[in-house]
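Shared chain: chain A. Partners: chain B in the first complex, chain C in the second.
== the complex of A and B ==
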């Protein structure tokens, strides 16, 4: 037996539990160079209450432990994802070696390998460290955005921005940017695209989604990605305008 | 371990062939592999083969233990994956392969709640069945996730556990042996299956073999359940939206076919087993294992050791038994 709540009344006006309309993103702030000057590049990306930091070290010489297996014509990209023990509702004891983090690390690496121009620094290594500080839905997509910004900040040549957002279908309405409260009730599809070519590069699904709806959800997600791309580009332009002015 | 070296001519053969719609092994580019599923004598064992040459074995088992603090009203479910070094010719114990398979399976069966864990609860917060599926990759020729998911599903569908309950009067745990109760099957909310594709410049290759997986740059996994819901998506290479939608359409048709085949086979196995509906006689209980809660730890260990096969326990003589007896007499 389901009871009617004030959220149902809101939903009739197509207003989501946190007061947004279906196609509205949460408040986004991003900042570059937060670990300046230790890291070559760094960035933070906050969307609503989800907070992610990323740092890029390199390109530098390949660590001796990996040198043995390393093809000297190739470049090593190393990604490490970890989440803070206090990032979600349940306090976690180990946060780096569990399967979930390892999966995210390896997925992030495959995304980074696609956007960084290949073998431009042969025989060297780039490290990307991503830390999730607070998880309120869409953490994986925030990680991708933060890592992209950090790569730009480090001045590593990339082909294209990888931007990502979550989307879903609920009550036959497409919604973008799912928060943790909504995630409990509907599917969460993380969509990442290459911003210029609009090719899909990341797809992760949590919960069940009718196959029939996939096209609509993808369209919604790609629209959301375009909005994120604008914000990221704006942040990059601001930062480099400032640098230019300080040089003059 | 260094990745296997592949000859340039093999590379160009596979890539050039894919562009012209020709594949190694003479399959069409959208043609899926043939699946073969067989079940073992013990409950909850299943072997799935995707021809040519990928073989995965899964065994489901259950023991009584304590539920987790965060979910006191549910049983637990763990999946562990072991890739045999004989299948790959390299040490894979700690590499990414088994953990990638395990993550896919976890996402499909655990996080999407395919198994009804609430039905595994015996006493809230104290006792629950701990369900476990061990997946062994015996032969490897691409499409590991597809085969493993099929094997796990087969194992879960044919698994049976004995009845366990708390005696209301004495507050003791009573585990009835399989021979004198109707065994309980698992309840699954939905049946997921996964299909993989290799991607090569706007071309989809359904269920690639190992060589194709190594050579072609991208991989796409699409998991769909029996009610046409997507339950897993994974992508490692940029892809156009239309191609993705085409892939999910292909996967949906194939998943339904494969699940129907599996359901048919499972029904066959169940009718072969001829499990009797057991009715307990009136009066005080004469048999059954009565355990006090403190004795639980040792007893659960013993039980898992001497878990008997269903054939041994079946009190009714099946047709196959009679055939066997006849053969023995002739000999």
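== the complex of A and C ==
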């Protein structure tokens, strides 16, 4: 027989291990133009202890390594994700070429290709570099948010904001924005939507989730995306005010 | 209140039908003349800040998306961060809606097919000359791009007779139009009167003066060299920029005097 613990009492009152309510997000800060003169667009996105930086370079001419494969009627989008050696609990020696980061790079690229309007300047290339500085759960969704902010900063024409967040169901409670401690115990569903139309563009599940919970978890995640969109919009507004001030 | 209720009743009762001249089907009268409503131009406040994905207005034959905006379904949406601007063409009854950055720079610049570009000649061979594109239209590129002018694209007529050596020199500034893309390089053409060598420097180190369509002369040594000379048409925008710069200089100079 399992013993009742202190945590179980907390779950009963719908309080999560780190003291948040189920619908509460961690503290979010974001900043645009962190590498201002060097990159054409850049942004940092911190959610709780997860820290991500993104930089956009371009448009520039197509690099020779990709000349052969590309479709000349479309703009090339090159996406590279890497995590710092000190980002997670175990220190990793090389992170750029391992399977996990290759997978995230290609997934990020498909998201970017979905939101960027591709047929405007054929024959040019855009580079998106995303660096994970600290991982405390929800790193992939943070990468998407950071990359979107960097694209907006660079002034690259995009259809809509891509915002993403993680959600899960545990102890019969739907939760958003799960951290690394909760990730070990339950499933992690990453949900990415277009902000205006609520069209789902990313859906990724780690671990197992009961089939009939999916709808509730999805609804919860989409609500969380709306909350994140408000914060991103606020950051863009601040950038906007700076732009206006520099003109006057 | 009474008037409103009467009017709604009357419209419900007196639904007049008329035969549509195009389709030959009876259509309610108010729908048949609905096109006039589309012509009605809502006031778009120029200068309002726009976010990517924000809906701006209805897209129909009277409204079109310009730079920094895109059409999707029946609406125009912003695709870049910036301020709203409208441009009206009264002849075609068209309004182009665009979103531009405050500093006058377009939100996003790269060479595209059909653009007139300014480039500098890097090297030349018998078949082609390689160039570095520095400006697209009047906008300076942040990152330089390479381009090619093939021998066949130098002149519009007598394509086989034109030679690279008698048309361009290394270091010349050339105006050209982009006609295509191959293997990631932009292919450019100078087959127009207004395109060709804009400025060239003689071996003595002076800017050469064009004498005729195919020759340029050094003002100091009177040496002439063969070039494909551009007849440069003064753009209204260029005049505007000159005037603006003059005004700026004057305004800069004034406070010093005071």
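By our rule, the second predicted complex is superposed on the first by the 243 of 248 C-alpha atoms of A that agree within 3 Å, B and C clash if a C-alpha of one lies under 4 Å from a C-alpha of the other, contacts with A are read in each partner's own complex, and residues count from 1 in each chain.
In this section, contacts are C-beta pairs under 8 Å (C-beta built on N, C-alpha and C of every residue); 3 or more make two chains touch, one makes a residue touch a chain.
This structure is a prediction, so every number in the text was calculated from the model and none was measured.
Peer 1: Mind checking chain B and chain C on superposed chain A, clash or fit?
Peer 2: Pair status: fit.
Peer 1: Quick check on the superposed pair: does A:178 touch chain B, chain C, both, or neither? Answer first, second, both or neither.
Peer 2: neither
Peer 1: On the A-aligned overlay, A:149 touches which partner chain: chain B = first, chain C = second, or both, or neither?
Peer 2: So A:149 meets neither chain B nor chain C here.
Peer 1: With both complexes overlaid on chain A, does A:61 touch chain B (first), chain C (second), both or neither?
Peer 2: It touches chain C, and chain B stays clear.
Peer 1: Once the shared chain is lined up, is A:194 touching chain B (first), chain C (second), both, or neither of them?
Peer 2: both
Peer 1: On the A-aligned overlay, A:240 touches which partner chain: chain B = first, chain C = second, or both, or neither?
Peer 2: The answer is second: A:240 touches chain C but not chain B.
Peer 1: Per the contact definition in the header, classify A:208: touching chain B only (first), chain C only (second), both, or neither.
Peer 2: first
Peer 1: Based on the superposed arrangement, let me know which partner A:99 touches: chain B (first), chain C (second), both, or neither?
Peer 2: In the superposition, A:99 touches chain B alone.
Peer 1: With the two complexes superposed on chain A, say which partner A:123 touches: chain B (first), chain C (second), both, or neither.
Peer 2: A:123 sits against chain C, while chain B stays out of touch.
Peer 1: In the superposition on the shared chain, how near does any CA atom of chain B get to one of chain C? Answer in angstrom.
Peer 2: 12
Peer 1: Once the complexes are superposed, what residues of chain A are shared between the chain B interface and the chain C interface?
Peer 2: Correct list for chain A: 194.
Peer 1: Which of the residues in chain C end up touching chain A in this complex?
Peer 2: 49, 51-55, 68, 70, 72, 77, 79-82, 101-103, 107-113, 142-143, 145-146, 181-186
Peer 1: Mind listing the chain B positions that touch chain A in their complex?
Peer 2: Chain B reaches chain A through residues 1-2, 70, 96, 99-100, 102-103, 106-107, 111-112, 190, 223-225, 228-241, 244-245, 248-249, 252.
Peer 1: Sort out for me which residues of chain A touch chain C in the complex.
Peer 2: 40, 58-62, 64, 67, 70, 72, 117, 120-124, 152-161, 194-196, 233, 236, 239-240, 243-244, 246-247
Peer 1: List the residues on chain A that touch chain B in their complex, please.
Peer 2: Going through chain A, the ones touching chain B are 69, 90, 99-100, 102-103, 106, 110, 114, 187, 189, 194, 197-212, 214-215, 218, 222.
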